[in-house]
Structure formats: structure tokens, C-alpha cells
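Two complexes are shown next, each including chain A; its partner changes from chain B in the first to chain C in the second.
This part shows the complex of A and B:
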């Protein structure tokens, strides 16, 4: 196990450096010169122009700039964003990355939970009208033109019904006189969610040791205690109103994203479950006379989960991909929208920074997927 | 005395080889078509594709006969008899006009052909590269395999839409360039990995060994024995590539990043550009193009799933 992980880690570090080099040369290969935005000002003298070019480092050959960029990247410096001047790129990423990650993390968790449940039932009750209807419905949701779907959601739930705000991250007027900054509240929210989910996980694991009759009440009591703890914390800080404002703005994008990716996980679970249902151990379980529900949930679904787990981790890595679309439509100030505006404004340091963020996210997800897979499937560990 | 030697051709008259091959593949096609027809999911997808094909064929005919190009041209046409644009659907403009006075139905039909071309080019490029690399990497293994697979890891890691956005803002990207980029990304990325794993199972079959004993060279074994057995899977991934190509084009056009004359995504960009994006009272500005994108992507995906149920024995009912 350790040897396998070590090998994968080494491979991933090499891949990461290849990725960095690839994006640098790709962006560098663009026609023209991004410095033109600065030194095309007619009032500059040729000397000033030359000076500006030297300051930006654009007078040096590609490989010199490449080594410079790489060495400053290793020191945690990604340069200064042109469109957010004078903020460093790393600062912009630190501000906006949590928003993207939270939005997609919650949407992905929700969609995979429901997608797994639906796919399981779909494979179990195969055939008939339900299967075709849900396959076609699922495929339409899966291939729907995302901006259009998001617009419909906004139109119905925000514009017509007025249940949710039309977009954006906060309601600025409500924050006048707020004792703290938006990001402070947001980071507290993230920590609450993190601690609560760790507690929930420990609860679910420890409840498994109890006997069957005690399980359900113990779960409910534990969940209530966790919820009460979170509530008391937010009432004490006095920031609850602001947290609710963020959550209110977060809800509609999460629902939209979850609906879009729900179908993908449902169809994947269905296929994977159809394959496990043919395995001998399902037949053996049936021969032992175990109840159908136990066969479905304990024997088939658990084994059908493997590809779904990998796909779950990978879809987190591609958060920024969906992010560009959803964040633009919902005016959500995350990394996806930052990348799009930076690319349109030729803000090259920001574009490279956003791509580095994406790569880091994707690689981490790959590593996590490898570890999870090796943990869940012993056949890989010892191969 | 006459010659009495009996030549082989007197005994049996064998058909020429290509004719036998043709008959065999026709039989296989008939069998698979029957399997495909059993599944309504794939048939629905196929029907939607047929409708779009009719639309693509009908546009040039209509523009040459019924529709006056001055009014109905998808890019430069304008109907000056209507005072205000965008105008709602009417007998002359079945889906109304956009904010520049151009006929929406004409734009929709005109774009269909280029969407098909985009999907076809992307799918063919992907499959050509992926099948060749997959077969070669699986057959030789070793260093060739490692290089291509690590490269595939790198490509798979890169978020697709994000990369396309960066490329299309920094470079001039049109329809053909986009199709080739999508094809290359798919061909060197995920599709290769899947096809290679299939090629690994083909490689160890006995008929490959038999071909090698019969004196078949590497190239002959790869192209005559391994690749034909990979083609069904390649065909399946062609369908999925078409879906992703059309979707990516629509997204990039929606952001106004592509250098093209007309497409479904561009129609929505025009709507957004003229400020009607959230004006759902003027539904004909956003619904036709969006529904077309969704339906076309879904159609190819459904056909793909239909094919998957044929070639993946574990999904079969039997």
C-alpha cells in the first residue's frame, strides 16, 4: 500500500510540473504581446516604452521568463494581477477559491447522494416505462445547455416566485454596518460545515457498532446535538444574519448545479449496479435467503459504489469547468468567472494563476481518488 | 487428347474475398441494427438526429425557392416590412425575428449543418488518434505505452471547457480549429485510455497469437486484427465526442469567444448582447437555440447509450 502510494505521488508531482510547463508555453504562444495594453499609450516616449517592457520582463527570451516564472511559483509568488492591480494573483485566488470550492462541493455531494439512491432503484426495478422515462429525463438534464437551464431556474425561482435572490454572493445593502468582512463570515461558515461533517461521520461510524434497535434513535439524537451546537455558536457570534444572507444566495446555484450533475451520477450508478447484480455473490446472497432490500443495499449497491466514488472525486476536480458557466450566469464571484474575465482582459498572470489553481485541484483529486480506490478495492492495492 | 487436369476453380467457384467480407459485415450490421431497434432509448436519439438532418438539408432548398435571401439570410437578412425587431412569431417568420431583424428559424436551420460538421470532424479526429494510439500502446507496451499514457493523464487532468476558453480568447479559433482541438484533446486523453484498456484484452486473444504464428508482422496484426476489434468501442466514443463538441461550441459561442458566422450558441449570445437574456416574454430569442443544443447533445448521447447496450455484454438483458 505504502509503495503504491509513494509511486503515485511521485508520478503526480512530475505530471504537475509538466502541466505547469504546458500551460506556460501555451499562453506564451499566443500571437501578439500582452504588454501592448500598457505601452501602446501614445504619450510614452520610446525609452519609457522600453523601460516598461523591461519591467514586465517581456524583452527576455521565452526560456528565461519560463525559469523565472517557475522559480517564483515555487516560492509561492504568481505575480500581480493586471485587472485587480495592485493585488497579487495569489491573494485573489485565496479570496475566491473557497467560494468556488464550497459551491461545487455542496452541489456535488447533494447530487451524488440523490443520484446514487435513484440509480440504485433504477437498476433494481429494471424495465418498464419508469426506466425509459428516467433515462430520457436524466439524459436531457445531463446534456441540457447549462446557461439556459440556469436562466430558467433564475426566472422561475428568483424572478417569478421571488424565493431566492437573482444572483450575486451577498445583498450589499444588508451588509452596511456589518462588524466584519464577508470573507470572515464565509470562512467561519466553512469551518462550521467542516467540523459538523467530521462529527457526523464519527457519529455514523460509531452508531454502526450499536445493535439494530438502538441505531436509529442514536443517529437522530447525535444529529440534533450537532445541529444545536452549530446554532448556539452562530447565535453567540451575532453574525447569524450575515451567514444566512450568504446561504440564501448559495441555495439556488446549488440546486441548479445539483440537478444538472444528478443525472450523470444516476446513470453511472445504474450501469455499475447492473454489472454487480450479475456477480456470483449476489446469487449467493439470494440463495442464503437474505431479504431483497439487504441484497440491494448491502451486497450490490456497496460494490457498485466503486466507480461512483471515483467519478465523485473527479467531478470535484472539474469544478472550475462547470464554474465558468454557472458562476457567470449567477454572477457568483468565484474562480471560474475570474478566469473568464481575466482571459478576456488579457490579464495573463491571473489566467496562469487560475490555471495553476485548476491543476492543483485536479491533481489533488486524482491523488485522493487513487487512495480511496486502493482503500476500497483491495485488488488494486496488492496488484 | 484433351487436357484432363482438374483445376481448383472447376470444383468450387469461391466468391471473391471482398464479397464475402461485405456479406459478413452486412449480416453483422443487420443483427446489431435489430438489437439496437429493441431499445427505445437509442431509437429516440436516432429519430431526433434524423429530424435535425432534415432541417440541415431543407435550409439550402428553402433559401433557393421559398425564402427570399434578402429577408431570410441567417447572417445578413433583415425584414424591413416589420417596424420593430425582435418581432414575435408570425406566418412569415414562424419563430419570429431576432433583435437585428433576422429570421430565427432560418438561423436555426442554417446552423444545423455546421453543428453536424463540427461533431463529425471532432469525432473522426478523436477516434482516429485514440484507436491508433490505443492499439499501438497496448500491443508494444513498455516505453511507448508509458509515454502515451502519462501524456493522456496530463490531458485528462486539464479541465476541458476552461482550456478551450483560454485558447479561444488568446488565439483566433473558428469552427474547424475548434473541431480539431476538441478531437485532439479527446484523442490523446480519456478516449485513448478507455480504448487502450480494451485493446489489452484483445491483444491476449488466441487469434492474435495465431496471426503471429502465421507470420503476420506487427503492423499487419495491429491494423488487421486488433483495430477491427476495437471499432465498435471507437464508434461508441464517437457519439460521446459529438455531444461534448456541440456542447463546448455552444458554451464558447455563448461567451462570444469564437470566430464564426452563425451557430446556436451565437444566437443566444446575440440575445444576451442585445439585453433580452432574462426577458422570457420573448421566448423565441432563447428557447429555439437552447432546445436545439440540448436535443442534439441528448440525441447523440442516447444513441451512444443504445450502442453501449449492444457492445457491452454485461448491460444486455440476455
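This part shows the complex of A and C:
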């Protein structure tokens, strides 16, 4: 297991550097450069123009600039963003990346959770209207034109029904006089969710050691304790209302994104489960007289999960691609919109920064997939 | 005489297929007493696995019981719901599957898969007692108890087979159906495993149904033998009777292909032809197209499965090839 992970890690680091070089040269090969803003001024003399170019380092050959960019990158410096002057690119990413990650990660988790559940039930209860309807419905949503569907969702649920806010990350008027910054609350929210998930995972793993009849109550008590802990924390800090404001703004985009993509995981789970249902160990489990639910969940679905997990992690990585469009439609101030604005403004350091972020995310997802896979499949874990 | 553990009466089972109804088990009757070992032998595709799956009502979606009774400890389980079957399964009858290699779920530790059955049928046991029980079972089948924390892929074929047998023994069933328990193993492992199985069967006083296409395997372990042909029982009797005094020409052919019991009486060495298509089984006696003694009556009428001497039954118009 350790050897396997180490090998994957090494591969990922190499891939990352190849990726960095690729985006640098690709962006560099685009017509025009960020000096244009300055030297397009017709009153500049050719000498002054040359001087400006030299100041910006643009008179250097590509490979010199490449080594410079790489070595600053290794020191954690991605340069200054022009469109957010004078903020460093890293700073902008640190502010906006969590918003993007939270939005897309939650949407992907929700989408896969429901897709998995639906797919599992479809495979278990074959045939009938339900299968037909959910497949048609799911596939229609899957193939729908995303911005159009997102606008419909906003129009219906935010504009007409008023259940959710119309886009944006927060309601600025509600934050007047807030004791702290938006990002502070947001980071706390992320940590709450992270800690709660880790505790939940530990709980679920450890109840397995108990006797059968104690498992269910222990799970419920554990979950109640975790929920109570989170609640007490937010009540204590007095930031609960602000956290709720952010969550309220998150809901509609998450639902929209999840609706668009859940059919993929649903159909994948269904097919994978139809296959595991034919396995001999499922028949053997039935022969053992265990309950239908245990056969379905513990045996068939557990094994059907393996390909779904891979697909889950990859969609995490690629969800951000759609970020440019979705974030624009929902006026969500995340990395997708940042990339778009930066590209329009020829803010090259910011564009590179945003691409570095996407790449990092994709490669992290790969690593997570490997770890999850090894966790779920003992044949890999102990290879 | 005590009442039999299992009594199968006129069992008929069909699979619905695109090409029509496939008659996989037709009018099969047999019984099994406490502690007895019954062998079921027949060519591939004659319906042996189907009989086993029907007895546990583990048929696939397209398989259904058309007729008959399956009486387990005095109760007919044919009308039982899935819920009611759960107690019968593993508690009263457990099974060693034909593809025992794949009968273990790859993602769970082998010991945990046995504990899963114990949790279901012996909920009063504590975790510690269950571990203890698995240790005992592993020792019984000749596996080191430390192996219970390993995953199936870490086991060799023979070890998996033993683990699957330990699993079948776990809830103290009255009987075990072992479907080709050793077919996937090499001959030496096969031999020792069969002997051991016979030993724990006697030791634990369980009844067994051994299913195999291999006459040699059946000869080694069975008290009584049922010979199946094309979904029907052709003959049933003590091992002695089946091997040394077969009545049905199919049994005679089968025995003559088995080297150690060549009967001089038969002049059949190899069976001509193919086993019949169960979608369109032959009329009358299903064996008639391949039978050297077949006459018109064999083509038209199904022979009754009747007693020729006490406990020795056969379905044939021309027992031992006699032309009446």
C-alpha cells in the first residue's frame, strides 16, 4: 500500500510539472502580451516602449521567463494580478478557491449521493415505470444546456417563488455591522464540515466493532453528538446567522448542478450494480439468509461502488471546468469567474494562477481517487 | 423410522427464457434422512444445480417452481415468503456453491463473512463468542485461525474452498448441499477434502447432498445415489446398488465410463449423441434417443419412477435392458 501510494505520488508530481510547463507555453503563445496596455499609447517613443518592455521583463527570451516563473512558483509566488492590482495572485486564489471548491464539491457529493442511491434502487427493482421515468428524466437533465437550465432554475425558484436568493455569495445588507469578514465565516464553515465528516467517518468505522444490536443506536447517538457539537460552536461564536446566509446562497446552485449531473452517476451505478447482482457472492449472501437490505447494500452496492468512486473523483476535478459558466450565471465569486475576467483583461499572471489551481485540483483528485480505491478494494490495498 | 429431514415430492421447476419454457427439473422426488449422505450425479446441464437452488428457493428471477413440495423438517417450504425462507437458509440448510471460488465477497475479510451469517442466525452471541466460533470452524476445516482476518484474494483455491465449507457449517445446519465442492481443485486436494468433508459430516451428524458430474467423487462419499438425466431422476438407490446393480440404461452407461466399477453386463461404453435440449425435451422417456434398448413405448410414454426392490427406484421401461 505504501509503495503503491508513493509511486502514484511521484507520478503526480512529475505530471504536475509537465502541466505547469504546458500552460506556461500555451499562454505565452497567445497573440498579444500584457504589456499591450502600456505600449499601445501612441505618444510613447520607441525607446520608451523598449524601456517599458525591459521593465516588465518582456524583452527576455521565453525560456528565461519560463525559468523565472517556475522558480518563483516554487517559492509560492505567482506574481501580481493586474486586474486586482496590487494583490498577489496567490492572495486572490486563496480568497476565491474555497468558494469554488465548496460549491462544486458539495454539488458533486450531492449528485453522486443521490445518483448512487437512485441507481442502486433501479438495479434492485428492475423494470416498471419508475425505472423508465427516472432514466428519461435523468438523461434529459444530463444533456440539457447548462446555462439555460440554470437560468430556468433561478427564474422559478429565486425570482418567481423567492425561495432562494438570485445568485451571489452573500446578501451584503445582512452583513452590515458583522463582527468579522465573509471569508472568516466561510473558512469556519468549511472547517466545521471537514471536522464533522472526519468524525462521522470515524464513527461509522468504529461502530462496526460493536455487536449487531448496538450498532444502530450507537450510530444515531454519535451523529447526534456531532450535530450538537457543531450547533453549540456556531451558537457560541454568534456567527450562526452569517453562516446561514452563505448556506442559503449555496443551496440553489448546488441543487442545479446536482440535478444536471446526477443521471451520470445513477446510470453508472445501475449498470455496475446489475453486474454485481449476478455475482456468486450475492447468491451466497442470499443463501446465508441475511436480509434483503443487507444483500443489496452490503454486498451488491458495496462492490458496485468501485467504478462509481473513480468517476466521482474525476467529476470533482472536472466540475471546475463548468465553473466558468455556472459561476457567471449564479454571480458566484469563485475561480471560474476569476479566470474569465482575468482572460478578458489579459491579466496573464492571474490566468496562469487560475490554471495552476485547476491543475492542482485535478491531480489532487487523482490522488484522492487512488487512496479511496485502495481503501475500498482490499485487492489493491494489499497488493 | 424417523421422519426425513428433507422430502422432495414431484418437484418441477422451469426457467422462462426467450426461447420458451426450459424444463430444468421435472417431477423429481427424493428424501434425505438425518446424517445421511446423498449423491446426485449426472452430466453437465442435467439440472443438478437447479435442484439445489430450488430446495433453498434461491432461483433467479426467471426460474419458478411449477409443482411439487419441498418438506423441510415436516414443513412444506414451497409457499414460504422470502422472509420466512431466511430462517431455513443456513439455519436448516446451507450450501457450498459450485463456484465456491467466487462465493466469497472480495471486499470483506473471510472471518467477517462467516460472522455475518452468525449475526443473522445466532444474534444472542457476543462478538467475542463469534470470533471464537470462527476460530473453531477454521480449525475444524484445517485452516489456521489467523487467516480469518485475511481477504479472499489472499487464499489459494483449496483454502477458499475450506473457508466456504467452514461458512456452511457455521450455523449448525441440519443439512448441507455441496454443489461440485471440489471440481475446481486438483485431484489430490480434491481427494483429501472429500474425505475430510465426510468426516465432519459424520462427526457433526449432518445430512449432506453431494452434487457432482464425477461418478468417482460420488462413489467416495455417498450412502445413497440419485442419477439425474435431463431434469429427471433416472435412478435412485444405495451406492452399492447404483454401482454394482444399475437398473437404468443411463446409469449402466455412466458406470461403464467409470473405470473402477465396470460392469461386464453392459455393452455400452460410450453414450452416443448429445444430452437433450431442455427447451424441447424428447417425449416419453427423455433418454430414449440415446438408449440402445429404446422401443416405441419409450418414445411415447414417460416411465414411472418406481421401486424395483426396496429403496431402489428407477424410471425405465426396460430395466437392465430387458425386453419384455
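Basically, the second predicted complex is superposed on the first by the 360 of 383 C-alpha atoms of A that agree within 3 Å, B and C clash if a C-alpha of one lies under 4 Å from a C-alpha of the other, contacts with A are read in each partner's own complex, and residues count from 1 in each chain.
The rule is simple: contacts are C-beta pairs under 8 Å (C-beta built on N, C-alpha and C of every residue); 3 or more make two chains touch, one makes a residue touch a chain.
Owing to the predicted nature of the structure, the values given are computational and were not obtained by experimental measurement.
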{"item": "When both partners are placed on the shared chain, which of chain B and chain C touches more of chain A", "value": "B"}
{"item": "Partner chain(s) touched by A:340 [first = chain B, second = chain C, both, neither]", "value": "first"}
{"item": "First, second, both or neither for A:359, with chain B first and chain C second", "value": "first"}
{"item": "Which of chain B and chain C A:161 touches, first, second, both or neither", "value": "neither"}
{"item": "Chain B versus chain C as contact partner of A:275, first or second or both or neither", "value": "first"}
{"item": "First, second, both or neither for A:286, with chain B first and chain C second", "value": "second"}
{"item": "First (chain B), second (chain C), both or neither touched by A:151", "value": "first"}
{"item": "Touched partner set for A:212, first chain B, second chain C, both or neither", "value": "second"}
{"item": "Overlapping contact positions on chain A, where the chain C interface meets the chain B interface", "value": "126"}
{"item": "Complex interface listing, chain C residues touching chain A", "value": "56, 58, 61, 82, 85-91, 94-95, 97, 99, 102-107, 116-117, 119-121, 123, 126-127, 151, 153-154, 164, 167"}
{"item": "Footprint of chain A on chain B - complex, ascending", "value": "40-41, 44, 150, 153-154, 157-162, 165-167, 169-172, 243, 247, 250-251, 254-255, 268, 277-278, 280, 286, 290, 293-294, 297-298, 301-302, 305, 314-315, 317"}
{"item": "Residues of chain A that touch chain C when the two form their complex", "value": "126, 209-213, 279-281, 283-292, 294, 298-299, 302-303, 376-379, 382"}
{"item": "Complex interface listing, chain A residues touching chain B", "value": "11, 14-15, 18-19, 22, 26-27, 30-31, 126, 132, 135-136, 139-140, 142-148, 151, 154-155, 159, 267, 271, 274-275, 278, 317-318, 320-322, 324-325, 328, 336, 339-340, 343-344, 346, 351, 354-355, 358-359, 362-363, 366"}
